[in-house]
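What follows are several structures.
Common to both upcoming complexes is chain A, partnered first by chain B, then by chain C.
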Partner chain A sequence: MSDVYEALQKIVGEDYVSNRAEERYFYGRDPGLMPPHEPDYVVMPKTTEEVQEIIKLANREKVPVTPKGGGLALTGLVIPLKGGIVMDMKRMDMILEVNEKSRYVIVEAGVTHGALKSYLQKHHFHLRHSIPDSPPIATIVANAVIHGQGRLTQQRGFNSDMVSGLEVVLGTGEICRIGSCALSSQWFSKGPPLPDLSGLFLGWFGSTGVITKLGMKLYPCKKIREVMLFLTDKVDLVPEIIRKLTHTEMVEDIVVAAQPIPPRFEGIVSILLFITGDSEEEIEFKRRMAWEALMVYFESRDGGFVSVTPNMKPALLAMPSKDTAKFADVSKGGGFEYSGPIAPIDKYPAYLEKLEELALKYKLIYASATRVIDGGHSMMFSFSYTFNRANPDEMKRAKVALDEAAEFALEEDGVIWKPNINEQQMVMERMDQNTLILMKKVKQLLDPNGIMNPGNWEVK
Partner chain B sequence: MPELKFDKTKCAECKAISCLVKCQYMDFKDRDRAKKEWQKVINGDNSSVLEACTTCYACEEYCPFGNHPFYMLVERQEEKGILPAPRPIIKMWINQCQPVGRFIVGKVEEKALSYCFLPQFNTLVKGKLFDGIALSVIFGQEFFCNAVYLHYAKASVIKDRLPKIVENIKSQGIKELVCLHDECYGTFTSLAPAYGIDIPFKPIHYYEYMYNRLKELKDLIKPLNIKAAYQRNCSARLCPETDHYVDDIFGLIGVERVKREYDRDNALCCAETIRMAKGPAMADDLQKKNIDDMVKFGAKYCVFNCPACYDSLAEKVAKAGIDPIHMIDLCRLALGEERGQKLHLEGMPVLRAAMEDRQYE
Partner chain C sequence: MQQKDYASQIHRCFRCGYCKFPTDYSSFNCPSYRRFRFDSYSTGGRLWLVYAWLKGEIEWSEHLAEILYACTTCKNCAEQCPMRFAPDIVDWIVGARSDMVEKGKIQPRVARFFEAVYSYGNPFKQLRSDRAAWANGTKNYAPGDEYLLYVGCLGSYDENGQKMARSLIDILNASTVSFGILGKEEDCCGNEIYMLGETGLFQNLVEKNCKKFKELGVKKIVTLSPHAYNTMKNNYPTFGGNFEVYHYTKILSDLIKKNKIKPSRAKAKITYQDPCFLGRYNNIYDEPREILQSIPGIELVEMERNRRDAFCCGGGSGNFVTDLLAGSMDSPARVRVREAYETGANTLAVACPSCLTMLTDAAKAEDLDDKLAIKDISQILKELLPAR
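What follows is the complex of A and B.
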């Protein structure tokens, strides 16, 4: 194996490869609840060609490769389950192009959401991208690979729906371009009007290849962004409230929050609406439309808008939201994980009831921030629990609760988002057999030696 | 449970029915009709007044007998289960202000400042005005006056919590309490006595405190020579006897209180509670009338008593070209100090762009 180490040094230089204990320790885990497993090597390529050389080497030596972005998925997707090489993409950090007229950006695989946000604010402030509520070190590529969501997801779909092209190193080492960039100099479409091959990589967690560059659609950054807060204490009304709000097509983002802490939220569901506009008149029109959509609940006194005071606004308008980090420390110990099934919106009351039931059963503190997806076609419901990392018993209870939540979500028509390996098996057990066979064929075609992030999406 | 001291005979003998006739939000010009309607309220019958009330508190000031018509109205609303605002909003308010058993206090002495439950005072209470008392502070749910539940037909919450709040303040050894939010002052001088709750300390309105302090500091005062609109708040209706301090303070620091339509007993409330209770149309209309009135009478500043009114109106006032400022900050400007409270610029693209030196297309 020392040959592999030396070969990696030749590819990326000795400063960017390690087999030392401290790096292996760090790269053997993520912030979630999945058990750690250390890699044999950590490598940080700078170019697509270096990635290609590493994949070729891994094929020759039959060494597993696990690509890693920010490592923030929490479900162990970057834990090298079978050792081998963790390929940290952070050195590929160039923002290569912003096309203002066709509104897209091309980034390398290590570019973070925080970096792109800053870059656009400085150089293209009338453009924005869909910022997820993960920490700003989350990478754009990894977020797309897990079908992440962001602040534009209510209007535009999953962040992966906003991909406009890919450069990929296949599991067999070929460099491949996906979408319009396969034949054009511009990266405006990941598929149409061609066969959309991006699905061979998005959602596969790096088990079919390594994305080295990605085109991402950008959207107008309006001059004004405002937040509205609607409350109801009737959970059963939430699906219809969402339907009414999405019907207006006026709202940028909708987040439905439920949590018992701080006490003011106890027994109340908070619905955050974000609206944008280029003028006060546009904002006022949209605000009025949202009010009118929900007027029936105001009149019945079952719901109402709370005035958002100026001191509340900065926190509510922050992108990414800092609430997740705050919630992670409610149990004083910095532990936090969630199961986030993508589910039909009419299931919201049942999901919330389950969240509360599991919290009670396992003595956990919960929170849920549910994001409406793609104009109301589905939602990401979060079963979120906080725990103290110094309390193994509490961590175990959180894990069991999340496992039960995942089972429940699957029983209630949901699909688990960024599933850990156990949840992947749960998904595949329920999957249509022919679909499963197709997945297996895809995997075998793109990664015949089974070296790409092994353990993930492994069809038995 | 404390009970409201209310004298029905005073209302029966009243010819003015000012509580309804002077109401700015209900049309009761016909005194006979007003009298009949008010009798319905007193008798516990159904009345349109119970639903239409905006909870502006003003009838407390209008009543010539100090008979607490508003407190009576709130009692009747609660008895009948009328919800002046959506139920979850009321629930949230009841949740968020409940005492949690944690005292948040500074180095409390016999004379102390009450921040109520308003963190905004952290940015306001600075400088020479508060020399010697700034650290003697109480803040939080344990000291929250609870008068806000008058807006939500929840007199029962006030009756339940207020005696404990009073006891909490007393337990700090406080003899004189300077109330920075006049809702506290109104609670201790009007609401508590109306319910027979003893107050074992001396409440001092912060206007009185600041007036006396400014007199001590008069050599440092540089008259501001400005015209200002004064924004009265709902709880000022519980203690109208303190309104003269506005004129007294303005006189000391060189501020002209513009004689506009919506000031003094004809003041319009900030309307944010009305927005939650009655919807945006009424609230927007009231705020527009109020701000147009400030502009019409040439105000360059809008002076706020209540931080919640500031939160509600400051941006809108600024957009009309008027500088919003809290009374404490105004006094600090006259003493050559900087204001503590800065305007949040969220939602104000023109001002925000100027601040951030950015150009929009």
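What follows is the complex of A and C.
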């Protein structure tokens, strides 16, 4: 194995490889609840060619490779289950091109959402991308690989739907381009009108190859962004409220929040509506459309809009939202994890009831921020529980609650988002057999030596 | 001081990574993460590794100590962390260092730093008798003087620091400020010793200094270095050292406002490096800029990262001696001089002897020393005062 270390040093330089206990410890775990497993090496490539050399080396030596971005999925997807090499992609941090007319950006694999946001604000202020709620260190590529969501997901779909091209190092070491960039200098489409091969990599958690560059669609950045807050204590009404709001096609983002802390929020569902416009008139029009869509609930006294005070606004409008990470410190414990099934919207009341039931059963503090996806075709419901990392018993209870939540979600027509390895097996057990066989063939074709993030999407 | 509580609190870090950034997320603002790029060198990495060490999941090693001491305690993490414990983070780092020192687990370069300060009263192993060799007849503090000018170790022994000290003394003399220095009697202020976690030696230094100051009847102290300013203002009162403490930029700014200093016209484009111990630690951002803006003909331009988002030169927590962040194009000081040069400035102004020496060396390493002058504000001002 020392030969591997020396070979890695030759590829990326001495400064960017480690087999020391400290790096192995840190890269052997994530902030969630999955058990740790340490890599043998951590390596930080700078170029696609270096990634290619590492993959070739790993194939020769039969050493597993786990690509890593921000490492914030919380479900252990970058924990190297079989050791080997963790490839930290964050040194590949160049924003290569912004095409203003066709509205896309090409980034290297380590570019963070924070860096892209900042870059667009400075250099292309009329463009924006779909910023997730995860901290700014989350990378564009890793977020797409897990089918992440962002502030434009309600209107535009998953962040992976916004991908407009890929450069990939296959599990066998070839460099391959996917989408319009396979035959053109332009990265405007990841598939159509060609066969869409991006599905061989998006959602696979690095188990079929390493994405080294990615094109991402950009969208108009309106001059004004506002937030509205609708409250109701009638949980059963939430699906219809969402239907009415999405029917207006006026709302950029819809997040349904439920939490027991502070106590005045217990039993109340908060629906946050984000609207954007280039003028006060546009904002006012959209605000009125949303207002009128929900007027019936005001009249029946089932809910109503409340004013968002100036004190509340900055936190609600912040992208990314620091409040998301703050949930980890609610019990002064440094941890939270969530199971986030993608589910039919009409299941919201049942999911919320389950969230509260599990919190009560396992004595946990919960929160839930459910995002409407793609104009109201589905929702991401979050079963979020906070835990104290210094309290092993609470960690165990949180893990059991999340496992039960995942089981429940699958029973209630949901599909688990960024599933951990156990949840992946639960998903595959329920999957159509021919679909499973197809997945197995894809995996064998792209990663014949089984070195790419092994353990993930492994069809037994 | 939260140091003692660190072991019961340190698990609260979620390693969300906000600590790596400036406010606008445009780049990485944690000096050691920017230098090494392993997540282990970020604040989250450090806190998780220390917690692992406390739990016995990893053993102490020199590499672990390097990770811990590569932190310059620049306080960017405390500015950016979204959690309620954010103000305590640096204390946790210092607490972990103290714990290691108590257990005799000390990074070798840091150990040499301690030994030098203990034996010589400075981290450079220079003779105490040479401490005032630079001073060129500057009078010692005597009862009745308004200010004690505390020069510090860099001002006393480092070539750049000495130039800075001489400039400041010339300006103070020209504006008839009543002051004196301690000369050979001066000792280390202890700021770096505190940050490096040697609490016993720190206490010893503070008590000695406070005793000396009180015996001389010192009421007001002007410091050359923001590091000394920080510890004398914020730590000394805990030990009964209640003095009025000023950084020299405050004194010069006031003198300019009172028309006691009138710099002549200059033609320069200047950018300014906020020292961590002046800015983030003590919220002093305006006075240094006011001094520069008072100079007729000078154009002050800002680097992208400035004020609370300023990028540390990499010299804090004794790293101007231990140099754990050196040896790369990604060393913070080299990154910073490139950033300064990109503003189009021909001068990078500093207000700290540590910044001065770190950035001067970096400009040479980047081959920018003939394009970007690194000067302390006192030096810039001194050059523009009429010869006496």
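As a working rule, the second predicted complex is superposed on the first by the 460 of 460 C-alpha atoms of A that agree within 3 Å, B and C clash if a C-alpha of one lies under 4 Å from a C-alpha of the other, contacts with A are read in each partner's own complex, and residues count from 1 in each chain.
Quick note on the criterion: a contact is a pair of C-beta atoms (placed from the backbone, for glycine too) under 8 Å apart; a residue touches a chain by one contact, two chains touch by 3 or more.
Keep in mind the model is a prediction, meaning the values are calculated, not measured.
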item: Partners on chain A (chain B, chain C) - clash or fit; value: fit
item: First (chain B), second (chain C), both or neither touched by A:Asp233; value: first
item: First (chain B), second (chain C), both or neither touched by A:Ile268; value: first
item: Partner chain(s) touched by A:Arg301 [first = chain B, second = chain C, both, neither]; value: first
item: First, second, both or neither for A:Arg288, with chain B first and chain C second; value: first
item: Contacts of A:Ser18 with chain B and chain C, given as first, second, both or neither; value: second
item: Contacts of A:Ala390 with chain B and chain C, given as first, second, both or neither; value: second
item: First (chain B), second (chain C), both or neither touched by A:Gly191; value: neither
item: Vertex chain A angle, Cα centres of chain C and chain B, expressed to the nearest 10 degrees; value: 70
item: Smallest separation of CA atoms, chain C relative to chain B, angstrom; value: 13
item: Interface residues of chain A shared between complexes with chain B and chain C; value: none
item: In the complex, chain A residues that touch chain C; value: 15-16, 18, 20-23, 25-27, 31, 42, 44, 70-72, 88, 90-91, 112-115, 117-119, 121-122, 135-137, 322-323, 325-326, 328-329, 332-336, 388-390
item: Chain A to chain B touching residues, read off their complex; value: 125-126, 223-226, 231-233, 262-269, 280, 283, 287-288, 291, 295, 297-298, 301-307, 309-311, 313-314, 317
item: Chain B - residues contacting chain A, complex; value: 83, 85-89, 91-93, 95-96, 98, 100, 119-120, 272, 275-276, 279-280, 308, 311-312, 314-315, 319, 343-344, 346-347, 349, 353, 358, 360-361
item: Chain C residues within the chain A interface of the complex; value: 8-9, 11-18, 20-21, 24-27, 36-40, 45, 48-49, 51-52, 57-59, 61, 63-64, 67, 82-85, 328
